[in-house]
Amino acid sequence: MTDSAILLIHCPDQAGLVAQVTEFVHRNRGNIINLDQHVDRSIGHFFMRIEWDLEGFLIPREKINDYFDTLLGKTYDMKWQLHFSQRKPKIAVFVSKASHCLFDLLQRHGTGEFDCEITAIVSNHRQLEGLASRFDIPFHYFPITAENKAEQEAETSRILREAETDLIVLARYMQVLSNDFCQSWAHRIINIHHSFLPAFKGARPYERAFERGVKLIGATSHYVTADLDEGPIIAQSVEPVTHHHTIEDLKRIGKDVEKRVLSQAVYLHLRHLILPFGNRTIIFN
Amino acid sequence: MTDSAILLIHCPDQAGLVAQVTEFVHRNRGNIINLDQHVDRSIGHFFMRIEWDLEGFLIPREKINDYFDTLLGKTYDMKWQLHFSQRKPKIAVFVSKASHCLFDLLQRHGTGEFDCEITAIVSNHRQLEGLASRFDIPFHYFPITAENKAEQEAETSRILREAETDLIVLARYMQVLSNDFCQSWAHRIINIHHSFLPAFKGARPYERAFERGVKLIGATSHYVTADLDEGPIIAQSVEPVTHHHTIEDLKRIGKDVEKRVLSQAVYLHLRHLILPFGNRTIIFN
Amino acid sequence: MTDSAILLIHCPDQAGLVAQVTEFVHRNRGNIINLDQHVDRSIGHFFMRIEWDLEGFLIPREKINDYFDTLLGKTYDMKWQLHFSQRKPKIAVFVSKASHCLFDLLQRHGTGEFDCEITAIVSNHRQLEGLASRFDIPFHYFPITAENKAEQEAETSRILREAETDLIVLARYMQVLSNDFCQSWAHRIINIHHSFLPAFKGARPYERAFERGVKLIGATSHYVTADLDEGPIIAQSVEPVTHHHTIEDLKRIGKDVEKRVLSQAVYLHLRHLILPFGNRTIIFN
Amino acid sequence: MTDSAILLIHCPDQAGLVAQVTEFVHRNRGNIINLDQHVDRSIGHFFMRIEWDLEGFLIPREKINDYFDTLLGKTYDMKWQLHFSQRKPKIAVFVSKASHCLFDLLQRHGTGEFDCEITAIVSNHRQLEGLASRFDIPFHYFPITAENKAEQEAETSRILREAETDLIVLARYMQVLSNDFCQSWAHRIINIHHSFLPAFKGARPYERAFERGVKLIGATSHYVTADLDEGPIIAQSVEPVTHHHTIEDLKRIGKDVEKRVLSQAVYLHLRHLILPFGNRTIIFN
């Protein structure tokens, strides 16, 4: 696999930005592998993802941030993230009782589609401990009550930080994380909500979808913010349903949508293809 | 085209209903063309659509309702609608300024896909008068203000009833009909709402969808009730959108979804394939 | 879970078939749980699926076939299959090197969505032996060469019959089964082909799809017949692709379509919802 | 509407191309409105679409081609197309008897979604003359026989050239155009084929789809080449079908797919968003 660097950049738009950034790479003997940009002209803001081969690149990787800041970032009031393809992201998966999303993540990890390490499975139930151990992944049992929540979250955070966790995936995890937790892991928690947001936020979306008599059910993956089910959406998908379907059928059909929408979001995040901006996301090619 | 009768029936479920109804048709020399039924076992309710060829049918059409009531309807506490294929439904289309939905209805009417008469185009603006006259359809201009609304609705109703109108299609009609109007035309008004209900009810759904950063936009056709955008859903569809799309793009893409979802609902209604029940719809094959 | 019987019936159409069959169940104190039927009027053929609760049913299960044949089957020239919900089907999964489809089947089996036993994983490679053993499923290694093929197939068939296997699922199994094998397991082998049939039959469909520049890629699940990729189609689905996607991307995206389309077919088969007829399938509700 | 220039460029890939082209625009006081590029790394080829506001642009429009060629085109072995937003493209629509695609084009033209002139409707039947005249579009009747085909095509070409026609849209036009005609209008004829290519090329695709028992039907829009249904694909879409659907139902459902897929292709072409390359298309954002 190529040893590459990925920059996700955004700043106020002006003439010449693409040229400036590509020049920065070229001038320093980097070979561009991927380039995608977007200008939101309604607000005059520029977004770019550039990936280049580090072989022969003049600037040592530990200095790239600094050079970029000095030569471009400051000048153009840029905000950016710098990633390296060789650093394999570490992800923790939070689950409750439903296994289908976790299973799908394990499948993609197993085939190498997800180039990452799954360092922990965290759960408020013991149900999925067996599945975790089938795949030799450390399982951490953290039952949550009103009284112990803050403490359990703190301990969970501690374990995850020790393991240098980059991303938390809530795979039908049914506890609501505290604002503090969400903020300390901002843009590093992906959740799957089992409805087509913003319809049916919160609890029991399938029951409510059934009552409303919708003809499509959906699922939404998003970054978690302090407001439940309100964070920037990454992916959504739907499946048709009819009067023949009971609530149980909706849940069964919905599981497939949840799996693919959550996995799609995780895939995009691991490939550094998502740039959250305001309450929306830019998904680069 | 076959001269057929269509019964849409529903009642509390019990053993033998399908046999009873099919027997009713057979015994009277009717040849069944189409049969579809559904039991909602969670509430023990039975739904059926049966269509049969009237050629050689023993009961004269003006007596079918009465015979059915006497022989089956009363016994099984049935509610039903009886339709005849040879009666071409008459529809009125309400529009404001946007023409795309009206155009699609005219196209399907023109090809014969909609076997109906379009007896009137009603509008609160003059914009689409030219289009109505291209297709030789009477255009009725009814501008609405707070003061004249009741009167305009009454006059509109009068004209529609005189023309024996069966169905009103709100094709991006932007006025909110009064409760009285909705109730006097219950289950005979189909509306297209330019969002995936129940998300983004009411005004400016595309702007709100854009702000929320959804990755799919949708449209919903439904029967109109007293509550805005709350009536039983008939059809829904979605299209993917990305960060590249402006609000204008969302509207452009959305128009296509609106057209097909509204036309799908009208097609199903004209073929007597929809049975509204509670706030949901059974869509028969 | 309900102890039910399921009949899948088809015969030349005539008046009264639905009534006859439902009467057969009612008269013998069976309570109908599910009923779906279809008439193909272009050929005058009738299809039905009826499921009823066996509790209190007068005819003992080992005699149902005989009674049905005597009382209805012969009279109406019916062909039928009789299944019992309490008999958990046994399935064998054939794989080569790709694991994603197998994994998805294991996930649905694990959650109980597939109510069946997975009695064997058969493979012409050793790659997936580890995965089989993680899930405690017997793994049978059968490498195939031109010389040993007949013998390997015979031995495989023997093992499967001994285990009373009901269904063989080819989960991206890359060997072509012989005509003899296909015929001896007629309508009991489901394959996933990684294209939208009949486009791109045979080898390397993704490469060929890429060359053709299609904008959608698909997958098809079908019953296996003697003719490669020609058997009756059960399910199909597609995903959009663009010029940005390489052949590797097509394969990655395609895997998701393969998973869901194969699993959908297996689900329908396990629930006895499929009736193959000619080279097509009736999929009941 | 902005007065803009659009360049569609492709050439062998090398470092600095994006910078070079954007610089060309900037240096000459052009303000970039839209920029999208793609590199096919498997063949080392670069593709770009750049659109800029001509207000204040230093190079007069009649000289842009020449300057671009001199300063960039030759150096980088580029091939390009230059378009101006203010030149409203002129399209001719070819039809036979089916009106649905033509109608959809007329609807989008009527709303301004298609910013173009429809200068002629050409047909080998008289059926749609009425529709053409409702919309005040010149109708040209050209019945085709083996004997008169070359002559009719020549006359048609002459009329179209006189009207400075930019694009021919075959809207379910059932005649096969000669190689000569296709070549003289290379990349300027868009056809809709009523199947999901490459499945069911040629005649009677719905009948053949029905026989094959597919569970999805589709349509494909593409540029016409000398080989029937083989040209570069622009757009494709599908709709689900079931055993309930007759061949007539497939045609009815298929019409909707044809409409949207053809109209999508025409929209993209009119906006100069398509770059055909080899037998494929790049569709820019």
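Going by the order they are written in, the chains are A, B, C and D; count residues from 1 in each one.
Heads up, the rule we're going with is that a residue touches a chain if its C-beta (ideal position, glycine included) is under 8 Å from a C-beta of that chain, and two chains touch if they have at least 3 such contacts.
The structure displayed is predicted, hence computed values, not measured ones.
Participant: Common contacts of chain B and chain D?
Facilitator: Correct list: A, C.
Participant: Need the most distant chain from chain C, centre defined as the mean of C-alpha atoms.
Facilitator: Result for the farthest chain: D.
Participant: In angstrom, rounded to a whole number, how far apart do the mean CA points of chain A and chain D lie?
Facilitator: Each chain's C-alpha centroid was found; their separation is 38 Å.
Participant: Between chain A and chain B, what's the gap in Å when you average each chain's C-alpha atoms?
Facilitator: 42
Participant: Counting only residues that touch at least 2 other chains, which ones in chain D make the list?
Facilitator: 41, 244, 285
Participant: Chain touch graph shape: choose line, ring, star, complete or other and state it.
Facilitator: Here the contact pattern is complete, since every chain touches every other one.
Participant: In their shared complex, at which residues does chain B touch chain D?
Facilitator: 98-100, 103-104, 106-107, 110-111, 113, 131, 134-135, 244, 252, 255-256, 260, 285
Participant: What does chain B use to touch chain C in their complex?
Facilitator: Those in contact with chain C are residues 15-16, 18-19, 22-23, 26, 31-33, 35, 37, 39, 41, 240.
Participant: State the interface residues of chain D toward chain C in the complex, per the touch definition above.
Facilitator: So the residues of chain D in touch with chain C come to 38, 40-42, 47, 196-200, 211-216, 218, 232-238, 242-244, 246, 278-283.
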